[in-house]
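Structure below; questions to follow.
The first chain written gets the first letter, and so on, giving A, B, C and D; residue counts start at 1 in each chain.
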Amino acid sequence: MEQPRIKELRRAYGFDEVAIVPGDVTINPEQTNIDLQIGHFTFHTPIIASAMDAVVSPAFAVMIGKMGGLGVLNLEGVWTRYDNPKDVLQSVIECPADKVTPLLQKIYTAPLKDNLIGERIQEIKREGVVCAVSVTPPNTKKFAPLVNEAKADILVVQSTVTTARHKSKSYRGLHFDELVRQVKMPVIVGNCVGFGAALELIETGIDGLLVGVGPGAACTTREVLGIGVPQVTATLDCSAARDYYHRRTGKYVAIITDGGIRTGGDLCKSFACGADAVMIGTPFAQTTEAPGKGFNWGMASPHPALPRGTRIKVGIRGGLQQVLFGPSTVTDGTQNLAGALRLAMGSCGAGKIRDFHKAELVVAPAMKTEGKVFQLAHSI
Amino acid sequence: MEQPRIKELRRAYGFDEVAIVPGDVTINPEQTNIDLQIGHFTFHTPIIASAMDAVVSPAFAVMIGKMGGLGVLNLEGVWTRYDNPKDVLQSVIECPADKVTPLLQKIYTAPLKDNLIGERIQEIKREGVVCAVSVTPPNTKKFAPLVNEAKADILVVQSTVTTARHKSKSYRGLHFDELVRQVKMPVIVGNCVGFGAALELIETGIDGLLVGVGPGAACTTREVLGIGVPQVTATLDCSAARDYYHRRTGKYVAIITDGGIRTGGDLCKSFACGADAVMIGTPFAQTTEAPGKGFNWGMASPHPALPRGTRIKVGIRGGLQQVLFGPSTVTDGTQNLAGALRLAMGSCGAGKIRDFHKAELVVAPAMKTEGKVFQLAHSI
Amino acid sequence: MEQPRIKELRRAYGFDEVAIVPGDVTINPEQTNIDLQIGHFTFHTPIIASAMDAVVSPAFAVMIGKMGGLGVLNLEGVWTRYDNPKDVLQSVIECPADKVTPLLQKIYTAPLKDNLIGERIQEIKREGVVCAVSVTPPNTKKFAPLVNEAKADILVVQSTVTTARHKSKSYRGLHFDELVRQVKMPVIVGNCVGFGAALELIETGIDGLLVGVGPGAACTTREVLGIGVPQVTATLDCSAARDYYHRRTGKYVAIITDGGIRTGGDLCKSFACGADAVMIGTPFAQTTEAPGKGFNWGMASPHPALPRGTRIKVGIRGGLQQVLFGPSTVTDGTQNLAGALRLAMGSCGAGKIRDFHKAELVVAPAMKTEGKVFQLAHSI
Amino acid sequence: MEQPRIKELRRAYGFDEVAIVPGDVTINPEQTNIDLQIGHFTFHTPIIASAMDAVVSPAFAVMIGKMGGLGVLNLEGVWTRYDNPKDVLQSVIECPADKVTPLLQKIYTAPLKDNLIGERIQEIKREGVVCAVSVTPPNTKKFAPLVNEAKADILVVQSTVTTARHKSKSYRGLHFDELVRQVKMPVIVGNCVGFGAALELIETGIDGLLVGVGPGAACTTREVLGIGVPQVTATLDCSAARDYYHRRTGKYVAIITDGGIRTGGDLCKSFACGADAVMIGTPFAQTTEAPGKGFNWGMASPHPALPRGTRIKVGIRGGLQQVLFGPSTVTDGTQNLAGALRLAMGSCGAGKIRDFHKAELVVAPAMKTEGKVFQLAHSI
């Protein structure tokens, strides 16, 4: 009889399942270089704030930009739907838990106002920092000229799953190669996972790729749709596509791990997997400077028919400066993210991020061990 | 010395251990076709309600049929044992927890009334929907003529484990090939797991196969008997048998994943594993229309010597329409199951269910991560 | 450079990690034969009660013997140290939790009384059932003649880890081949795990082998010593040794899985792994007939320097008859163990236990799923 | 197309994931020899107390030395920064939880006093036990002559990750081969993981290697930096390097597993993986003799920019004598560690520690099984 053809399942890994192995050589953390290059822009802190309404306001984008990082303003959120976005945010923050999903569904059906796009971009540009804005694929053709005209610096095109080949009756498929030629700025596209999908997007000429679909172990996209790839595997696969393209063409595209990063440990693992930058939301939503004032919600939460995720109370844990550069007064890995990256790189003897991509990783599940006490080694 | 011959154990996977990988192509959800074919019947919603007394009453079967789905009426439950089944259901619902197993054992020893079989079938047929009814193998020979005569549309023969070759002293083994020839309607048989057992059943000429034995991770059949195969592996194996038979004969038999599906994510994974339809109980028992009024129990619960499972309070969470088609007001994947299927198919670029069978799956355990906050990506 | 030689770790499995796959053929449970053969004795119920003081009294051994099973009386416990063992048991039962380990340490240092050995054996023999008694290796040479003289039927030699080659200065190594020739009854030895150790013991001419060292996932021997092999792997390995010896010599030695079995599911898996019988403690300690009156403790608990395990309140859950043969009024697999075995065998088409040894097993971890509701299939 | 080059992830194991398999031969525990050799020193108890301020005071080092073990005094902690270290410890112990990290950061920035180094060493030496002291790599060149002059017996150079090749601008890299020639005593270096890093350190001529980076499953170094290798794999790899060097040169270097050991089981597994000794903190911090009086904190806790770990209340559980040699009055593996080692070695037929290195290990995850009751086998 013919052999049964049963689909093979590949093992995928998340942050909690792996650990970085220290190297045979170590270097002092202060000698590491963590610069990020996107197109012609250089950032001294390779950490990007997510295009979420509770995370990035124009003011927040300015602040993180001045610290060497980047904040992406969502052009389809409250900042471009409302003249008074702070009042709208306040109404979400004050809403009782059981009414928040319908409220979000309502807020995000208000029409987008073209004039606000230029205004919000100017609020950021006039402070002298790099201005990055995000749109979803269905709105890209319409908004790209406005973004161009307003002289934003970086265009991010982002949805839950974005591919180079999307089939739609309602709008002609977005062609990223055309978009890249049309706009006069670096383009970042996402989210994607998988070698093939990543390579196809990279080949359209973009400058950065957002990696991550349903990454969190408890992510609602996985509960609702069953779709998702844990971030370690997703980053490894997409980085392999980036390296393949780089070897073939000489062009280096930034891989940006987006989603599921909660601690310095998760962040360091992303880089060790091949990321050039990370995009994070909740750790920034927890800063005193965030517009969400201790709350956060995803951009899939207001979906009218199939909301995924809801408003979550994340609390306020410290200032942006402390989250990025410390000194940390907590020991759970939520502060001094840049310092953690330097220390991890030092432990692996990596002078720059591309060296850190070569670090060894092991599969080493973090088991629940409440009530157990572990001994800690000396400081490096 | 001779090599020790130690039995090899193959790894089997459940819903919580896998995730669907988005494709290299995406399509708009509204362009997907999710039709299900069983024999000459076409259903626009490939979701079947389990033949459980707390789930499918004749009225429920009519309602779900009108929505494009299918409800299977159990011909060995209260509806065919009692003239007043609603009173009997009420007595189960009101029974104190510690007395419910003996009560169920008592209720399900009352004799089956032949006359009620025709009556119940008529209650469904007269509303113009497809009528499916289920019997267990020992009663099939006796009931099949009655079902035939009452002009039901689909016959389901179902027990915990059903094979094409059953050995019994007490009744002559049921031969499904004979049954298929005898009744003038499509036959669905189950439950089964495993390539060999599935192929043998398919080869008897049936039109649908129910897949799933002790599927839930906490399923009582596994506690009591140690028997069970998680649904991802079971569906992959049985689908492989269906495909093998299809390639050889050209006949396509519907694979129906039955058991353990709680969310849209589980449902989508079933289809990505090769299912053409799913059979679910609890999500329907949680509707306002279900006869169980917020309670549910399995058909193995009343077993006189070895009951498995008991009455469970599942609560009432919404209407049938909302569970099937949304819009969802919750974010845990329990509403808008058809919408979730379309969105997942879109993410994988699958225009119809047989395309979705080719989606890639990864092993990606969902770890417990209470207290952690995850960031959510943009809506597709 | 030479390749590093790093020790390989083989994966071992426990009950909670595997499941039995139903067969391609099924048979009616009542047509199964579950007889156990040890030497010239046949038992109609292949379930043996552990030689623990809270489980087997002479009276309990008589009762289970009359039901077709076997109870092993521990000849180094309270029954042979005290004329009034019931008072001693009562003192353990009534002792406050924080004082019970020292109390057990004290009770089990009282001297063994040779005269009580014959008396206890007579209490069982005079009721006409098979009498099995257990001793530890250091005491075997001294007690074997007494056991022989008192005309016990089966001698069990048992310690945490027993091998055919033990090195000791304090007593000349026990040679099981000599023991087998000396006593005029079947000899059961254990515990052991692993193909090699099992084969060496089997080759000494014994009639039964106890399998299991630190089997429970939470077993204290593993916490204290780090030693243990989960029961699925242990039983598979030792059965392979039994089969190897059987093929070579034609002699069939009974494999008895001992430890960690809590439910019918665990019991069925033991047999599917190659066991001919199981030895259980706690499920019997939970019967109304057990001398522990709802408490249990292991024979390693009183170890003077390194106690492992302590007195545990296990509660009283039902009568011995119900635990063995049902009918079950609970749905957690703790009652009707023999019925569960027959039903599982039926699902695998196994007419007798040696057929059941060929059942397929899959690795299918039982994940914690509290709060989830699973749907249950029809009764077989 | 070129094959994607995706980084491979090796599986690493921690204590909770493995178990020791008993051997084919057993020996009586009292016939085992557990001596440890470091340079020309022999210790009858191969258990070393960590260089943590809450664990080893000069008085504690004397006590454990007299019992055959070794305590390492941290030369960069309170004992060498303060004339009144006990008052300083008391202030940590009494500090409210939310203020303890800043307090530790402050305490450990006080200057080190050269004169106290000699005084503390004398406090230990004058009692006639072996005196071991620890320094971090940046301070080694400065302190080594002082340590030499004060006639300490063993020098430990320890940081979170130590390699033979460290690159720094601020101090000329420490060369361990030079250090070994310079000081007139055995040198122990760590911590390290991995075959390559271990081999390079061993080749510098040291006498002992500390193994373990972020070993605990919940260790903060892993949360904060993402770095760590579980101890079973770390010890296996470093032991393989030791064995490789030993085969090539005939010199045997002691492998010391340091971190994450909480029970006798963990300790025994370390030795079965190839360790010659273990270094433990918390079990000693829990003794009545420990200076931490029921509290403990790691030496990375006071890191000024990136503290990892904090002060933990560990409680006081018994005397040092009982922890090392019993008799144990508890059953959780925290007392009689030396007895547990002897018993485990006996079960594997290992007469000395190097024999125990050959014991078989299996991967056998310890699953959470609260509420379950396990039966315990007879005492050996």
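Note that a contact is a pair of C-beta atoms (placed from the backbone, for glycine too) under 8 Å apart; a residue touches a chain by one contact, two chains touch by 3 or more.
Note that the coordinates shown come from a computational prediction; the quantities given were computed from them, not determined experimentally.
Peer 1: Please identify each chain that touches subunit C as well as subunit D.
Peer 2: none
Peer 1: With a step meaning a move to a chain it touches, how many steps does the shortest path from subunit A to subunit C take?
Peer 2: 2
Peer 1: Copies subunit A and subunit D touch; is their interface built from the same residue numbers (over half shared) or different ones?
Peer 2: Mostly different residues: under half of the interface numbers shared.
Peer 1: On a C-alpha centroid basis, what's the spacing between subunit B and subunit D, in Å?
Peer 2: Result: the chain centres lie 55 Å from each other.
Peer 1: Once you find the CA centre of subunit B and the CA centre of subunit C, what distance in Å lies between them?
Peer 2: 39
Peer 1: Can you list every residue of subunit D that touches 2 or more other chains, as numbers and ranges?
Peer 2: Each of 13, 368 in subunit D touches at least two other chains.
Peer 1: Can you list the subunit D residues touching subunit A in their complex?
Peer 2: Against subunit A, the touching part of subunit D is residues 2, 4-7, 9-14, 16-17, 50-52, 101-102, 134, 136, 158-170, 191-194, 196-197, 200, 212-230, 233, 258-260, 262, 280-282, 296-310, 312, 314, 368.
Peer 1: In their complex, what parts of subunit A are in touch with subunit D?
Peer 2: By the definition above, subunit A touches subunit D via 13, 15, 18-28, 30-31, 195, 232, 236-237, 240-241, 243-244, 263-269, 272-274, 326-333, 336, 339-340, 343-344, 347-349, 360-369, 372-380.
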